[in-house]
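In what follows, chain A forms one complex with chain B and a second complex with chain C.
So, the complex of A and B:
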């Protein structure tokens, strides 16, 4: 390809695609989608996506930045990896969906009440505190993530499941006060902090993030 | 056979009194019979499973698994890393793949790990317990230890997602893996042929955040096992086990079904067939009792 041609291709490429390529995990794969729709047809939550993966890929290429990043769609990914193993072009679709969701959240564009987004954050906060998941605290925080009165209702609804798990010794009420943890939780937190800094720096310098 | 040693990554749900503690109990019983020694990675941490991504982002998430690999390299350098949890296995394997593919990520990950004086190479093989059974032992060898064949039981092998995709077990197809059926057969039980939901998704972590959508999937997984005449479901995954077992009452309420299907681990079946008692096999950890197995175990 001539230099001029290359220059033109670069100049007129849709900028949202470039933003995704620079800032979204595995985003440089998006352009490889050939619009066959196997991913959309393979998704267990398929009917619940406003825009299934194939459509999101085309929307990214069409520059529909706002519609993509504010969508609840990619939060429907259950991480079943069906789409990954079936994609004829081997796009890592699951990771791209996770990446889009994470990026939308990072920019503050994800739907505010998205339940999986809220749960994901609670899960992360829970594990990074001690290095290991505290299932009791995670469960309770999840029930109460939509406020107190909603939380009481959910807790009542889930009461029997919790009691069954306790009876089977698979949920420990004592986790409320202590629970499993890493000895070097401090070291782990230092690792995570550094990794976060590096990643944030990378995105800030890519030229597109707010 | 000589004792086999592995660098073991148990994961959060396998800890004492956690949601898959019964899995761990049965794995211990199974390993005792097979003379497997699991050397726990000292001070291992959570892998962030398949849901932590949106809280952590990419590099912090990879750093979690990289820390486990680094600790394993220090403590058990000559052993393969083995995980019993599908998500732990997947996250660790994925991290290894990503770090080797992308030199920048490897560099950045080590920069982060250095904060705690650690360094990762990521060269240890990362395996699921099921791979150890199939590849290091084989069905014939596994069958030799059966003392009480699980005769007359028809069992649906629910492989689920993350032990099967994207990595899967060598030599198995993504769409119709047979290893779980073969294990069932090896233990003397009858696998459910043509179990069409064997690799369908249970909703995974979204069973918490999107319960109604997930329970619709779970209902189909159980219904299809009943339709084929199965009396039990077996799975290699802690999330599959929990999701398919514990919501059956709620599903019955919503859909008017009468499900009461026990859901066990391959290691539960194996420890019972290997002659362990109910407690050793973790049968007291069932929310829906596996009465058929209890009868055999308490003989």
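So, the complex of A and C:
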């Protein structure tokens, strides 16, 4: 259990709803759900979720902290915004899903082999390094995400597409060394670091005083 | 009948002149209809046409008017003449609009019109212009049983309209159930917070109002009379009784909270920390603004669970089968008591279906959520008292999980039981003892000791009839305040489950209806639905066999028995439906303008072609409230039906005397159709029981048919709604097809 997790468990004891309200982006909307199920019915990935949004909200109210935070459900969200558009109570459901995912990851409770999470991390690392997405490196790192031999296989399978993209000047092989950057990559990293500090400070000071 | 002088007027407008031989109709009116005057007119409903009729009434001594034009439902303002009996031969909607305009159809169409003309003349010949009830008297006083929200609202509204009101309240104070509330559910925007009940204010304005008299600790020991002349004995607890007279009565006796001790599974009675909603209101009142404490040890409540539908909406024995309508919003309100005091208190409302009637209800629900009240969709199976806390065991219906939650206090939403007096309907009781359906109804019935509220001295029983689940019968669809006792109106939860806002609205409506009833009674006119009708039933005493069927079958308990055991018609109680007339086996009951003869003579005077003419005759007796308008509307859409049908409107199918059907069959009709309204619990019958009675009586007609050696298919009884525009003509056509199949009646002479 991460330190932050222990601290949160202590702070909120039985009320996971309060914890979510204080720490999850748009989390104070969870209580407004009226369990109509329109979000679950509208989700294009609905049948593939372990817990559709409506159920996640009910689990939060029922205090099922462990089950919610370790669930892969919110990671399945594709941000199509169908649920937001249709929710009769106007809950920002997509944002809450991302908020829950972020919070679970921050606590170290997100499922370890979650591909969406892995991809998101790789994307972020790739981007934040130079301020520009290095598509070649990102692509290759994705091929090798699940081991070396699978990486080789995928690379060979995608070879023709890669070559055609190069011909069409959509992919630059020189990106493999260094790659392009934004003007002030150092400055960008400083900004991100500061933002991180502010965020952590906010988390540490948030929540209901008990 | 020496002074009967019939004037027949035939309109040639609306295409009648083109389609029909109106001169022939006029001839029929004079020769067969014995009309003294018969005139045709190009446009009868215009000022000139109406003036022509009025002139004949004034100068020619015409006292019976037959108008051969449109349906009796059209142009009622134009064809409204004082002091004469009016009959309408329906030539437009009844004839030309439902028949094709072809040469082949011309003959049968004309025959149809001829018959309607004969029928019109025969009807008015046997009618007398109705005179007002001699019994009429005006008494502006209104008696209100019950001094709760509904009763007080009705009193204030009636008093504000200038009518003296007397409230009889059983308990020692005004306010009823709501007096026990800490706050009430809000009735105005933004519907966010509980608000003051306003009971004290209402009670004060009642005390200050010179038009309102209040009798506390009192009950009504006896009620007799009729609208405009009710007499009530008001008995106080101390034993004194005073008799007062009233014009109308409002029964606003409200409800009793369901007895939660019938719910052992929820530990009510076993643990003091399980309370019902009224119990929580009491706790909150006791806390007087401080922390709400649990009864067992006085510890401030930190976790409270609300159990919705406790012993309600359930078919288990001893439970209420219905939804009490207010408990969901009440629980939200009560959860707010806690949240408004301390947002840290956990409040969980466990519901299966959250019902918050009306838009304000939804706003209030949302406000509850915003305040942090948790709503869990689940079904509570058990509440287990433990050492320091109660365990609420429930099934989470969203997560499909069996859960146990700890609580300091459990509030049961147990619902309401109407204080509707004694269930007087012996038929219902008898049915409940018989069939399967009856058994479940009996199980669902809640046993509470009942004492009569109104103590009516009516022959049919001391209280207002119930419909279902012990709520007083009131006409749900058309006339919600009207009970089955004219001049006595119900308001509030005694009529159906409702909350304060609805009860206030209800009471206002009932007050207005009470005023209307007493004013109508003072003019000797009927109350709804034949509002303004001056006719009333009378009977030929020499012919009466004292069989009591009229007194038993009157849906409104209007008929008592006098000392000699003859029926005593209390005109002001009568709704003029004629169910008594249909019931009478010796046919001695009649109205001035509606009797066994007015319809019977129409039936007998239709021209019946012989057996070999291939022109059958179908008699249609249609309820004038639903089936007849449905046929009219069908004709407006030019939906065709058989030219062999002759439609006679009846006040209510309940007024159909079986003699009409037997006479029709004996005189050679090939088929008879009866069209009444929907019956049963969801009745649409304006007279509540009329259609049901007719169906019951007609279920016996098969014997008569068999005796006459006729096929049973020749008589059909249907429930027809006003919306059955396609179906009503279809039913007539089906009968025509049936007759084609089984052949003509052998009784044509």
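Following the convention adopted for this analysis, the second predicted complex is superposed on the first by the 189 of 210 C-alpha atoms of A that agree within 3 Å, B and C clash if a C-alpha of one lies under 4 Å from a C-alpha of the other, contacts with A are read in each partner's own complex, and residues count from 1 in each chain.
In this section, contacts are C-beta pairs under 8 Å (C-beta built on N, C-alpha and C of every residue); 3 or more make two chains touch, one makes a residue touch a chain.
It should be emphasised that the depicted structure is a prediction, and the values quoted were computed from it without experimental measurement.
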- In the superposed model on chain A, is it clash or fit for chain B and chain C? fit
- If you stack the two complexes on chain A, which partner ends up touching A:187: first (chain B), second (chain C), both, or neither? first
- Query: Between chain B (first) and chain C (second), which, if any, makes contact with A:27: first, second, both or neither?
  - Reply: neither
- Message: After the superposition on A, what does A:135 contact: first (chain B), second (chain C), both or neither?
- Response: first
- Between chain B (first) and chain C (second), which, if any, makes contact with A:61: first, second, both or neither? second
- Message: A:53 in the overlay: touching chain B, chain C, both, or neither? Say first, second, both or neither.
- Response: neither
- Query: chain A residues in contact: does chain B have more, or chain C?
  - Reply: B
- Figure out whether A:199 sits in contact with chain B (first) or chain C (second), or with both, or with neither. first
- Between chain B (first) and chain C (second), which does A:35 come into contact with in this model arrangement: first, second, both, or neither? second
- Message: Which partner chains sit in contact with A:15 here, chain B, chain C, both or neither? Use first/second/both/neither.
- Response: second
- Nearest CA pair across chain B and chain C in the overlay: distance in Å? 19
- Mind pulling up the chain A residues that touch chain C in the complex? 15, 17, 31-32, 34-35, 54-55, 58-59, 61-62, 64, 89, 208, 210
- Note on the structure: chain A contacts chain B in the complex at 25, 44-45, 48, 76, 78-82, 84-86, 94, 98-99, 101-102, 105-106, 115-125, 127-128, 131-133, 135, 142, 160-161, 164-165, 167-172, 174-175, 180, 182-184, 187-188, 190-196, 198-199
- Complex contacts: residues of chain C adjacent to chain A: 344, 346, 354, 365-366, 369-370, 372, 374-377, 396, 398-399, 401, 403
- Listed in rising order, chain B residues that touch chain A in their complex are 12-13, 15-22, 43-46, 48-60, 62-64, 67, 108-109, 111-118, 161-162, 165-166, 168, 174, 200-201, 203-206, 208-210, 213-214, 217, 246-247, 249-250, 284-287
